[in-house]
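Please go over the structures that come below.
First chain A sits with chain B, and in the next complex the same chain sits with chain C.
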Partner chain A sequence: MMTNQEKQILLDVKHLKKYFQVGKKQTLKAVDDVSIQIYKGETLGLVGESGCGKSTFGRTILHLYEPTEGSVTFDGITVDHSLDRKQAHELSRRMQMIFQDPYASLNPRRKIMDIVGEGMDAHGLAKNRKDKEDQVVNLLETVGLQAEHADRFPHEFSGGQRQRVGIARALAVNPDFIVCDEPISALDVSIQAQVVNLLEELQEERGLTYLFIAHDLSMVKHISDRIGVMYLGCLMELADSEELFENPMHPYTKALLSAIPIPDPEIEKSRKRIMLEGSLPSPINLKNECKFASRCPNCKESCMQRQPELKEVSPGHFVACSCIE
Partner chain B sequence: MRNEAIEDSLFVKVKVKAEEKEHIAAPASGMIADAWLRLRKNKAAVVALFILIAIILLAVFAPVFSKYSFSDTDYGSVFAQPNADHIFGADQFGRDMWVRIWMGTRISLMIAAVAAVLDLVVGVLYGAVSALLGGRVDAVMQRIIEVLVGIPHLIIVILFLMAFPAGVGTIIAALSITGWVNMARLVRAEILKLKSQEFVMASQVLGSSKFYIIMKDLIPNTVGVIVINVMFTIPNAIFTEAFLSFIGIGLAEPQASLGVLINGGYQVLQNYPHVLIFPAVVIVLIMVCFSVLGDGLRDAMDPQMRK
Partner chain C sequence: MGKILEVNHLTIHIKTHKGTVQAVRDVSFCLNEQETLAVVGESGSGKSITMKGIMGILPKNGKVTEGSVLYDGKELTKLTERQMQNVRGSEIAMVFQDPMTSLNPTMRVGKQIEEMLRAHKKDMTSEQRKKRGLELLELVGISNPEERYRQYPHQLSGGMRQRVVIAIALACEPKVLIADEPTTALDVTIQAQILDLMRSLQTKIKTSIIIITHNLGVVANIADRVAVMYGGKLVETGAVSDIFHNPLHEYTKGLLKSVPKAQEKGGRLQAIPGTPPDLMDPPKGCPFAARCMETMLVCQKFMPEDTDCSENHRSACWLLDERAGGVS
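Right after this comes the complex of A and B.
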């Protein structure tokens, strides 16, 4: 674990909001005022149920979506329209993404050589055709594939192999920061471990920083240094991963963690699940109350006033709940 | 039990090399080679392809190498039955049906080619621009298409033929007004679908230019839809021309098109059926073959259909 002094902020997200207009009067608040800092070399896990805005958050950071409000600062450079083209292009090299669906994220009409080499072409990282081919083969070997695979089409690969091609594509431009958008949720369990181990090895070798978006809690615990819990577009709790699992404070986090099965039948029998009342409310046109108020077991009147802000309750442990002081 | 004789020590662990684990047995192949491989397995499509090639060759060369011309009359052989001289017989003016049929096929194929080019150029461009620009431009372009679709196709074509002199040019012009609409809609839908795919997003994240994304990500993935739609547009255009000629507002005598020939044969059907049968068989062959080949191509070009 790094100490506070060593931590160097790589990515600073401030009050990021991404609203989608649904029809004329309705607004879908996919990401609603999220502030988070990601330190160099760490893995920040982001968990939450489907539709809570995890993926939208990751995509907005990379400017795949135009943020409605708020700012993203990467390594001291604020990403917005004031950047000139060259700077924006260079930023796009340093921030990469690994996608969720290995079947949809590779162009079915292009060979692996072209898919992995695309970033090199876009940023002029290869001197000539031969150099590009060598680099691609190197990358393929780094992710456990072989030189002969470069002439293949994506449909000839298995899901795990495709995901590794996706990783090689992201690595091709030597990024500093990679958003992993549920990179393992579409894979078999045995292949999941393979891909996660590969990601960890690469992080060690290349000093990468990850934003690891997932909904598999035990996998997130394994790979992350810190974990953020999202609910309906808001960050509810943020803490070191050990701390979060041992001492969850937010009622939503508690409920989430209680849902993890324990691989021991004796303990599993006595495991108590906190069942949340009701279902996830629609993120369209939410009222001004705490987002979790409708399902919170200890909802008070003060919770109906506004969404509480993230507060640091112990060093490095942030919670957004008005019941916790 | 016999099984008890098998001891654990008899089992040897098979060592699989790391390379072999990731090995892909099938040979690497490109998109066109792959499509051709799968098309070849489809017997009907291959037969259709060869029949079409034969028809095209006959349409090009048969009139050139015949001693008759499509408009030469010979009153000695009026309604001649098929024989060594007149392979398909002769019509009411003693004109050789063999030459007339292949001349008619030429016109049908020419109209088919124009319809295909129109589809490819206007339809694909219109659809792609509409989908890529989106927003207001897309809305206006789609309304224009809806207006064109709203007016019955045949009414436009018939009005057009009334207003202008009959001939191949007029028929082609009439077909061009609405012929590309279907293609434009299909291409638009396909590109809209592709636009939000993760691999397009990946190209954006990698910092690829818009031009690159259009040329490498979007268009190659619509080729299947485009080819297949062209294959279904062609018989439609041929049929429209034949229909117009049949009801008498298409090509005029002595020019021959399959529709004109069928119209002539239909009037003497009871006495001289061969004058109807031969052109009818040719047009049926053309239409069925294009449809079967189109079906085969759809299966062959779709990567999801791979077995």
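Right after this comes the complex of A and C.
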């Protein structure tokens, strides 16, 4: 955990928007005006239902998608087209990503050595072939695999092992910042814990900063310092993870938290749930109202005017709801 | 409470081009009337194949090589395909994991419900079928059933589709409902809705439910009893409170420890090292021996017997054998 003085902004996202054109006149607002700061060495968890734009957000800050509006500043450098090739290349080294599906994200026709070593080649991080091989073997050992695995193909590994390869590939270029896009949701429960522990160990050793995208809230709470809750492209609430779980303020956060089943039969039986009516509305051509208005239990007239802005209600705790002052 | 379903020493082999996978090995359990049994385990532990074996819908290369499935006094493994068709759907129904693929995309929702009635309730007229179909949609909490009845699956959301699938499964009021990961493909808020629905339907229709899941939270929410599978074997069965508060098998203990607790923060999760065994060539002894912290020599050589620890709570672990001298 960090104290306030130590907080150094690594990534500053301002009013980021990413719209997709679907059909002729329809716009899908995947990310709609999200501003967030990520501090050096922290883990920021991002949660929300599928289709809320959390993955698009992760990809847009890495500039895998061109943002429609807004800016992303990484360690003082603005990430956009004005960067020259060299700078852009360097940024792609410093910002890496771990993908959700360990079956789809590794090229089935290449050996682990080539998959992990590719980034080193691209950025000239290995002096010669021998050096590269040594580094790859080192990395494989760091993530809990063995040296002889380097000569194998992805299909020879289990899901958890593949995810370790994905982590090794991200680490190969010595990044500062890693976007983990649902890195554990495709894995079995007993394997999830292994991968989460590995991510935490690596963070301590290398001072990494994570954006951890997931929909498993209990795991997000475990790994994150702060958590942001997204709904239909907007950030609804942002707070320290403990604060968010103990004192959720936005009605959506409350409903989301009460929907997670807790692995304890006594708590489960006695617990009162806030049931949300219906399901997520389509993010195409939304009206100009609070995004949660259609499902909100205490929706008022003022909610129909516009999407409320994120306000700081107590130090470090931001909520976007017009009912909360 | 009487037993409605009894599975004894069920063994299922699946032939592949690489060799025979011993997917289910000597599994015995029972299902009481009106209870909910949760089956948990990792992917590949044989939970889905066990259920498919009970339903008689194994893939072509799969075969029940040993054991029996007793439903209401009937031996299901001995039935012909035609006899089995009468049981399937009307007596035992199944809900699959992915509501996107278990509905026919080219058929209207209403017709898919009627299909089930047409197969099992031959004396129903088409008006009666339609009336029953609308009733079912209302029962599973779909608003505006008249309109939904005429829609196609792609016009419904994921949660809504799963409700339709449940409606189809319940059309003939089966005595046993097998739900194979019914909420895994859904979001948490929708998952809560579906679990709530299943619980209320159980009291209304009085079915017994077997739910397969790997989410321990879901287990705690809905189950009366739990069966834990690992490496094709049933390693522990017991009441839900016994499993959560007094787990006997080392795998169950590890599984419970590896999920983060809501109450505590910080510290490492206690992961179970290693990976599950290859069922093409399963270990001779306990399937969990290679990953177990308490493993002994005997674990690797011999399969532990089921040991009853209290009524309804049994586990297969050598540590529970009296010769182990009460090691905890």
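One rule holds in what follows: the second predicted complex is superposed on the first by the 325 of 325 C-alpha atoms of A that agree within 3 Å, B and C clash if a C-alpha of one lies under 4 Å from a C-alpha of the other, contacts with A are read in each partner's own complex, and residues count from 1 in each chain.
We adopt the following convention: a contact is a pair of C-beta atoms (placed from the backbone, for glycine too) under 8 Å apart; a residue touches a chain by one contact, two chains touch by 3 or more.
Just so it is clear, the model here is predicted, and its values are computed rather than measured.
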Partner chain(s) touched by A:Ile9 [first = chain B, second = chain C, both, neither]: neither
Contacts of A:Met304 with chain B and chain C, given as first, second, both or neither: neither
Partner chain in contact with A:Ile284 - chain B first, chain C second, else both or neither: neither
Chain B versus chain C as contact partner of A:Gln192, first or second or both or neither: second
Which of chain B and chain C A:Gln161 touches, first, second, both or neither: both
Touching partner for A:Ile324 - first (chain B), second (chain C), both, neither: neither
Residues on chain A lying within both footprints (that of chain B and that of chain C): 161
Sites on chain A touched by chain C in the complex: 49-50, 158-161, 188-194, 196-197, 200, 215, 217-219, 221-222, 241-242, 245, 255-256, 258-268, 273, 275-276, 279-280
Of chain A, residues touching chain B in the complex: 59, 62, 64, 89, 92-93, 95-97, 99-101, 104-110, 114, 118-119, 121-123, 144-146, 148-149, 151-153, 155-157, 161, 166, 169, 173
Chain A contact footprint on chain C (complex, rising order): 42-43, 157-160, 187-193, 195-196, 214-221, 223, 240-241, 244, 254-256, 258-262, 265, 268-273, 275-276
Chain A-facing residues of chain B, complex: 18-19, 22-24, 26, 28, 31, 197-199, 201-209, 212, 216-217, 220-221, 223, 303, 306
